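Both complexes below contain chain A, partnered by chain B and then by chain C.
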Partner chain A sequence: MNALAASIESLGAKLVGWFTVGYGIFAFLARALLLLIEPATWNRATFDVVIKQVYFTAVQILHVFLGYALVISWLIISIIVTTARDFGLAEFASEMTIRVLVLELLPFLTALFIALRSGSAINTEVALMQVNNELDALAHCKVPPMQFEFLPRLIGGVISVITLAGLAGLLALAMGYLAIHGAGTAGFDSYTRTIANIFDFTIVAGLLAKCALFGLAVTLIPVTAGLETPKKLFMVPVSVLRGMMRVFFAIFAIEVVSLALKYI
Partner chain B sequence: MNGMHFKVGLFALASLLLGAAFLVYLLHARGFFEDTFHLQLAAASADNVAPGVPVVFSGIEIGRVTTLGLNDNGGIVIHAEFMQRNARWLKENSSFTLDKPIVGGARIRVDSSDLDAPALPNHATMLLLSSDISKEIPVLVERVKAILANVEHLTRKDGEIVSTLANVQTMTGRMTGEYGVLEGVLGSPEKARAVTETLDKTRSLMTRLDGLALKMDGMAGKADQWLFAKDGVADSARASLRQIGVLLDDARSSLQKADALMANAVAISADVKEGTQDIAALRAEIDDAVRRANALVNEINKMWPFARDPEVKLP
Partner chain C sequence: MSHELPLRANLSALDNIALIPIYRGHFNVAESNRQALHLLEQLGHAAIAPLRDPDMSAAQRFVTKLARALILHRPRLVIDRPGAMLYDVPYPVFLRQLADKADMTGTWEIFDFSWNQPLYRE
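Up next, the complex of A and B:
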């Protein structure tokens, strides 16, 4: 009886913990959004930090990322096209390729890529700043951390995921055309028709929204996880671990919800 | 730091340009820059038709169904939209068929047999035909059911086929008897035996007829000998012919004599006018001689075995 009560209690504690974390994340997001619509936020300094953030998150890794997208796209396109031909469904190969790669897999992989590279770094940085009381010092010097540290990271993350996923998607479209129709303009009309059929307004809007949510998830969650860190140095790895697990669950949840909205 | 700004600027510019180019391409692909062509299809039933069903021409999608509804008379009206560049495949003599393959989604097939025909006007109404294979399946199943019912009726316990098979069985049973197939066909061993006996008798009759034929053969040989042997009938006939030739020569000399007599008579008649009575008697005599010669010739002709006269032909 005690064990049951204890397990119920621990479940309740976990639920409360998740709720607190969720509330913290959304409250932080609300504050960031409120700040975003304030004209005072948009000064040269903030803009510079945003550019720096985009540079570190997207531009610095562009060649690595595009190479990785090229390889994964080529592999998956080859598999889909060969299988479709084997089953006599070649006419559906291009649609299948575009749907699988451009709409689902590449945004997801982009989000994971940025989460692993930038999200973990942001989480560690924020946690260390928190532990070393740097954030309080910044606030004391009239440099509000929300405006100059956190908001640029969120904006940079969103921009980076959207552009990188878009570039990877365009690359995959080109590769798909090459794999299915070869070099030449013969298949251009039918490929255009397929693209036109797939990318209607809701799909494009959904894709953009999904990428933006991915971008938010891979920056917002590490920031809040870092801010939660108790002021002890050994808690920094724990904070990064927790933050990255939450990022992974968030990306996963966004993907599942987007699929459910699209196909159910 | 400036290098970083340049890279970020370049990245942003390239991304924006690519994004904008893709957007323009997408809008072009979706027909944003051209007019939409509307078509209405009248159908008997809206089965399998739904918004989004493609309209295909030669297997290539040229438009889609947008809405469907009922008109005032309760008929089905299907609205389809085409891009202007695809509308040129729609002609006034085009036929629209709803295809529902067993595997895959339904689609509306456009067949334009004559591409030189005048183009369909916008908002035209055409008839939608149906070539639904899955609709034919229930009909097919009904017919197969009827056939199966017939087969069942034929093969029921007291049915014709069962009794026929029973008859066949008794027949084959008889066939295994002493007289085999004969017994099977005739029904009892007695009748079969009668037939066998008849056959036996026929066989002995045939043997006798064979002997008779042999004898006839011998007789024919003898007749041959009799006819064509030395001093046979043929030889004596040849001798008779020779004699007839002599007789004919005699007759001809008699006629020549008569001729001479006639010449003398003419000379005499010139000299002696009063001797007319005698000449008449002489003439009668000559006539008589000629008649006899004629009769003789006739007689010979009758006897002649190779005469050409059909009336004296031998049988």
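Up next, the complex of A and C:
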């Protein structure tokens, strides 16, 4: 009986914990969105941090990311094209390539890439700022941490994921054409027609929304996880661990919901 | 000023100070940097402008914090336990030298442990 009560208690505590974390994340997001429309937010310092964030998150890793997108796209396209030919479904290869790679796999992998590289760094930096009292010091000097530290990271994350996923998608489209039709222009009309048929307004809007949500997940969750860190240095790795697990589940949930909305 | 209110570790001394006019006075970056550098020059430490927190000595860090506090133009400057921040210099003398250099109309109040009182009489 005691064991049952203890497990119910533990489950309840976990549920309350998840609710509190979820509430914290959405409350933070609401505050950030409200600040976005305040003219005072948009001073040169905030703008400079946004530029720096986009540079560190997207521009600095562009060559590595494009190399990685090239390899993964080439592999997946080869698998799809070979399998489609084996089953006599070669005419569907273009559509399958675009749907699997450009709409699903590349945005998902981009989000994972940014989460591992920048999300973990953001989580660690915010946790250290919290532990070292740097945020309190900024607030004490009338420099709002939300405008100066957090909002630029959120904006930078969203811009970076949308841009990198877009670039990887364009690369995959070009590779898909080369793999299916070769270097000639003979298949250009049918290939562009397939692209136009797939990318209607709903799909493009859904893709943009999904990438924006991925961008928010890989920055907003690490920021809030960092802010939850108790003021003890040894808690920083725990904070990063929790934050990155939450990021993974959020990315996974966004992908599952997006697939469900599209195909179910 | 307190050792519990540190500098932003990944910003230079100049950026730590210049942030305040940008956010409080809505000055542009060039003007804010000019004000920050002028303050550091006034305190006799212009050379520390490009240094980040981990690259500074305790005295240099203190000067940056002091400049960050002075640029707020508050009428009262409270220095909490200066010994905790200035452990590498004879700090009452150092504070006096800085106070003579700083162009400030307000008052400086120092909160220190009672057993450090004799240090201020030297």
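We adopt the following convention: the second predicted complex is superposed on the first by the 264 of 264 C-alpha atoms of A that agree within 3 Å, B and C clash if a C-alpha of one lies under 4 Å from a C-alpha of the other, contacts with A are read in each partner's own complex, and residues count from 1 in each chain.
We take it that contacts are C-beta pairs under 8 Å (C-beta built on N, C-alpha and C of every residue); 3 or more make two chains touch, one makes a residue touch a chain.
Note that the structure is predicted; figures quoted are calculated from it, not measured.
Peer 1: Superposed on chain A, are chain B and chain C clashing or fitting side by side?
Peer 2: Superposition check on chain A shows chain B and chain C fit without a clash.
Peer 1: Which partner chains sit in contact with A:F148 here, chain B, chain C, both or neither? Use first/second/both/neither.
Peer 2: After superposition on chain A, A:F148 lies in contact with chain C alone.
Peer 1: Under the stated touch criterion, which partner chain does A:M245 make contact with: chain B (first), chain C (second), both, or neither?
Peer 2: After superposing on A, A:M245 lies clear of both chain B and chain C.
Peer 1: Taking the superposition as given, does A:L11 touch the first partner, chain B, the second, chain C, both, or neither?
Peer 2: neither
Peer 1: For A:E134, using the defined touch cut-off, is the partner it touches chain B, chain C, both, or neither? Pick first, second, both or neither.
Peer 2: Touch partner of A:E134: chain C, not chain B.
Peer 1: Looking at A:A58, would you say it contacts chain B, chain C, both, or neither? Reply first, second, both or neither.
Peer 2: Only chain B is touched by A:A58; chain C is not.
Peer 1: Scan A:G166 for contacts with chain B and chain C and give back first, second, both or neither.
Peer 2: Touch status of A:G166: first partner only.
Peer 1: Would you check which partner chain A:A186 touches, where first means chain B only, second means chain C only, and both and neither mean what they say?
Peer 2: Neither: A:A186 stays clear of chain B and chain C.
Peer 1: Quick one: classify A:R44 as touching chain B (first), chain C (second), both or neither.
Peer 2: So A:R44 only meets chain C here.
Peer 1: In the overlaid three-chain picture, find the nearest pair of C-alpha atoms across chain B and chain C and give that distance in Å.
Peer 2: In this superposition, no C-alpha atom of chain B lies closer than 13 Å to one of chain C.
Peer 1: Please identify the positions on chain A that touch both chain B and chain C, taking each partner from its own complex.
Peer 2: none
Peer 1: Could you please specify the touching residues of chain C with respect to chain A in the complex?
Peer 2: 4-10, 19-20, 22-24, 26, 28-29, 68-69, 72
Peer 1: Mind pulling up the chain B residues that touch chain A in the complex?
Peer 2: 4-5, 7-8, 11-12, 15, 18-19, 22, 25-26, 29-31, 60-61
Peer 1: Provide the residue numbers of chain A that touch chain B in the complex, in ascending order.
Peer 2: 51-52, 54-55, 58-59, 62, 163, 166-167, 170, 190, 192-193, 195-197, 199-200, 204
Peer 1: Hey, which residues of chain A end up touching chain C in the complex?
Peer 2: 43-45, 48, 125, 128-129, 132-134, 136-138, 140-144, 147-148
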